[in-house]
Amino acid sequence: MKTFRIGGIHPAENKFSAGKKIIKANLPKQVAIPLAHYIGAPSLPIVAKGEFVKVGQLIGKANGFISANVHSSVSGKVNKIDVQLDATGYKRAAVFVEVNGDEWVETIDRSPEVKRECNLTKEEIIKKIAEAGIVGLGGATFPTHVKLSPPPGKKADVLIINAVECESYLTCDHQLMMEKGEEIMIGISILMKALDVKRAIVGIENNKKDAIALFHKLAKDFAGVEVMALKVQYPQGGEKQLIDATIGRQVPSGALPIEVGAVVQNVGTTYAVYEAVQKNKPLFERVITITGKSSKNPGNYLVRLGTMLSEVVDQAGGVPADTGKIVGGGPMMGRSLMTLDVPMAKGSAGVLFMQDTESVRNKTQNCIRCSKCVNVCPMGLEPYLLMNQSEREMWPEMEKDRVMDCIECGSCSYTCPSNRALLDYIRFGKSTVGGIIRSRQIKK
Amino acid sequence: MNLILVSILTLVVIGALSAIILFFVSKKFHVFEDPRIDEVEAALPAANCGGCGFPGCRGFANACVKADTLDGLLCPVGGTETMEKVAEILGKTVVAAVPTVAVVRCGGTCDNRPRKNTYDGVSHCFIAHNLYSGETGCSWGCLGLGDCELSCKFDAIHVNPVTLIPEVDEDKCTSCGACVKACPKMLIELRKKGPKSRRIYVRCMSQDKGAIAKKACDVGCIGCSKCLNVCPHGAITITNNLAFIHDDKCKLCRKCVEVCPTNSIIELNFPPRKVKEEQVLTPKVE
Amino acid sequence: MDKLIISPAPHVHSGDSISKNMQAVIIALMPAYLVALYYFGLGALIVSLTAIISCVLFEYLIQKYILKGENTIKDGSAALTGLLLAFNLPSNIPVYIVIVGSLVAIGVAKMSFGGLGNNPFNPALVARVFLLISFPVAMTSWPVPEALSTHYLDAITAPTTLRNMNFGVQPDTLQLLIGNIGGSMGEVSGLALLLGFVYLLYKKVITWHIPISILATVALFIYILHLAAPQSYIVSPLDYLLSGGLLLGAIYMATDYVTSPMTKKGMLIYGVGIGLLTVIIRISPVYPEGVSFAILIMNAFTPLINTYIKPKRFGEVVKNKK
């Protein structure tokens, strides 16, 4: 069974919410829809205080090429446009809407039938995706229409669908695959058309055998779509690792996947593409997993954008009493949340309750040079060395030792027997070296 | 006997040969340096702190000798005294510089600014700053992890373990600027030391709106403009809900300190006032 | 629920720790220890306990009174150093020599460089070589194996298999495997040491690279020598590998985390170097055993290897699609 060739770890899966059917979260009383995204410029609001908006109405316009449209996820009156503390731990711009009913924009097709035919051209598809404000739902939230528009001279020859869900605890993608398999397949064929490729590979990790079987069956009706079961290993969901695992090509340092002719899309994003292109439904809701070892009711919930996580968590059985840390996302790369009163954003994939015993880090000790971090790094870096250099502020040396290649997967910190904060220092080095590189380019 | 003689002779010959070779090599590869650089370097405090903007004291000495005038060249550690010595050696003139000192513009102690969560990452301000906005409700304030303390070569700034805010020892501070660069929240400012070491400044950098700032911290600046209105010298400006006292205009009359409703403006090294007990301000160190 | 904890990702940990790794190595050494207790009896017990206790004690005392810092005896590395030091000594060695050895191992070779993680040379080997040079007679009189012996300082000694090999005596492979031969306490039983090797591989404490590269290099080198001069080199490669302290050194000493290279390629170079040096020293007339010196010399090269040998980077190889 294929997998990526360098490094990798095997954290405990803890998929407590596997198999739990997606529950539609209750409509909240008010939402704070974030205008800022993790990647790209924040969108510009086009509604004013007091205006009545409908579900699916455009409320924020993309500001530049690397930005995305934002649509209202509820119907109601715009309360204010102000800053709101979000999952990043900083206050950023959001549109506050007081929910009133559930009126949708008329152009959205709300019928449950699966629509197979798509007669749009490649350009029309990409335009619809851009208008629908679709961003990568795997967590990076990179605007999808940008990924589908390779720079001139570069062409993709294969589309890879990331159905790996390598992070522990999270099951939203898996459940989406089981419930909306055919729609996802149609989304894949739409993306293939948009990229003008004849071949698509759906990469699924081997711990989701039911999804593999289902997709194998569905793929028979879709030309060019191949389903590949992959050996379970973290971080297989990283796009560079996934491309290596599925087609054996390694994206060179500093380059994008398009360099090796591949484009990777998350399976959740693919479903959003289906909804946008076939049902005229922009992106304003997504599935997230609420889970944890002590969680009473771990499950997968369909939540409207801008809903405070505290409201969804209440529905899911509340915060367990022994919670020490709440993580937004998966345990390896998620952000610890300061509070649950943060709005759900497009990139939120889960809420994870960590017990107090496992929330505190163990004491850091000397590096014993065991080289386990070097063995597990999926990018072939030397984390122990990068941490040492970062502590001593040796920025040119870090650049030479390829710190910018780091994908921040956390495998090194996870493995280190001395509990060293490898990734913390490497991240610090990365941001400093990144700044130095940018200022160097500006000077040119 | 013979053996000892041979050993001694051999070593003497080797020693002599090495000395001759070294002599010729040192002459051949000798680098000419203006001897004044050595003289100037000797007059400098030898702290090698980089506060002058040059790499070490030798770098500064080099710059002084090569420059036409001593304008713009200042050793903050040695101050005017050292610059006068340098001027004498080089036969140039020097203008007396205004003494400055580092000032920490945050009053968010544990009492004033309640902690809302516990940080369990690496104890490094830059790393915490990249991660999130901090343990309190104010995203502009001091993180208390001590990058400034680590950066100071003169032992002049220390994080108070009770208040978790750094305090500057003005006798040791040389105004080299290392702590200013080290703080990711840019809270430290080099301000005029002032006559008799008296100075007034706003101990807040929060650009949050008044209600939010006050909720997060008892002594936060709420941008109410009372100080601006009462200042007879036009020394105060308010931008983005934050007041700033310009020390070139401030005449230390203390009117702003009296009117500030949140006690956000600090006066240092002044004699205590006669009345108004509710306005008792913390003296000396902040 | 108290205040929430905020920390950077990742939020989970594998649970691995320094002490877990040390424990695994100690467990892997247990078969060899049992063989040592069986064949060298009381002497083995006294020497090993002295070594372990004095190593731990010295580390505790140095950390408390000289370094005035926290003590790290709980991580098990001092105990492991003690055990490995004991394995490198003959079982009839007096207690005071063992204690001196422990002091050198912990005080000089480990603590003076900054404690665990900072030492450039393997502490147990530094101590062994120090003792070899300082007490050459005591360190080169090896007791004859005797089942459950109650002899300690009065044990009968005889030349070892390794020494006899240099005089043209063919060793008995079976005895080499079981351990019924003379030698340092822990190096006699090839089988027991190999069992420990399998355990360490299973627990993922070490990888195969260093031991296999050392053993393969030695086997190949001695085979070539045998082909070149069959009269002088009569021992088969297998017997050569099983004799002396080669297995102990290759599996447990050379693989010491702190002093070995960090990359797979580096480890192979390191192993080849140790193999070559071992054979060169063994065939020289000065010392019968070369493993300790070989490992210490290659320890000196480890920083150089780490600087220039980098791991395989992602993206260096761009293969065409399958």
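Here are some notes:
Letters are used for the chains, namely A, B and C, taken in the order the chains are written, and counting of residues starts over at 1 for each.
Just so it is clear, a residue touches a chain if its C-beta (ideal position, glycine included) is under 8 Å from a C-beta of that chain, and two chains touch if they have at least 3 such contacts.
Quantities reported herein were computed from a predicted structural model and do not represent experimental measurements.
The pair of chains sharing the greatest count of C-beta contacts is A-C. When chain centres are taken as C-alpha averages, the shortest distance to the whole-protein C-alpha average belongs to A. Distance between chain centres (mean CA atoms), subunit B to subunit C: 53 Å.
Subunit A and subunit B have CA centres that are 43 Å apart. Separating the centre of subunit A from that of subunit C, both taken as means of CA atoms, is a distance of 48 Å.
Annotation for subunit C: residues touching 2 or more other chains are 2, 4-8. Annotation for subunit A: residues 89, 335-336, 338-339, 359-361, 421, 424, 427 touch two or more other chains.
Counting only residues that touch two or more partner chains, subunit B has 116-117, 120-122, 127, 131-132.
On the side of subunit C, the complex with subunit A involves touching residues 1-2, 4-14, 16-18, 20-21, 72, 75, 114-118, 207, 257-263, 310-322.
Here subunit A touches subunit B in the complex through residues 85, 88-91, 335-336, 338-339, 359-361, 421, 424-425, 427-428, 431, going by the rule given at the top. Every residue of subunit B that touches subunit C in the complex is listed here, in rising order: 115-122, 127, 131-132, 135. Residues 6, 9, 11-12, 89, 158, 168, 240, 244, 247-253, 255, 260, 319, 321-327, 331-339, 352, 354, 356, 358-362, 365-372, 374-375, 377-382, 384-385, 401-402, 405, 408, 410, 413-419, 421, 423-424, 427 of subunit A are the ones touching subunit C in the complex. Residues 2-8 of subunit C are the ones touching subunit B in the complex.
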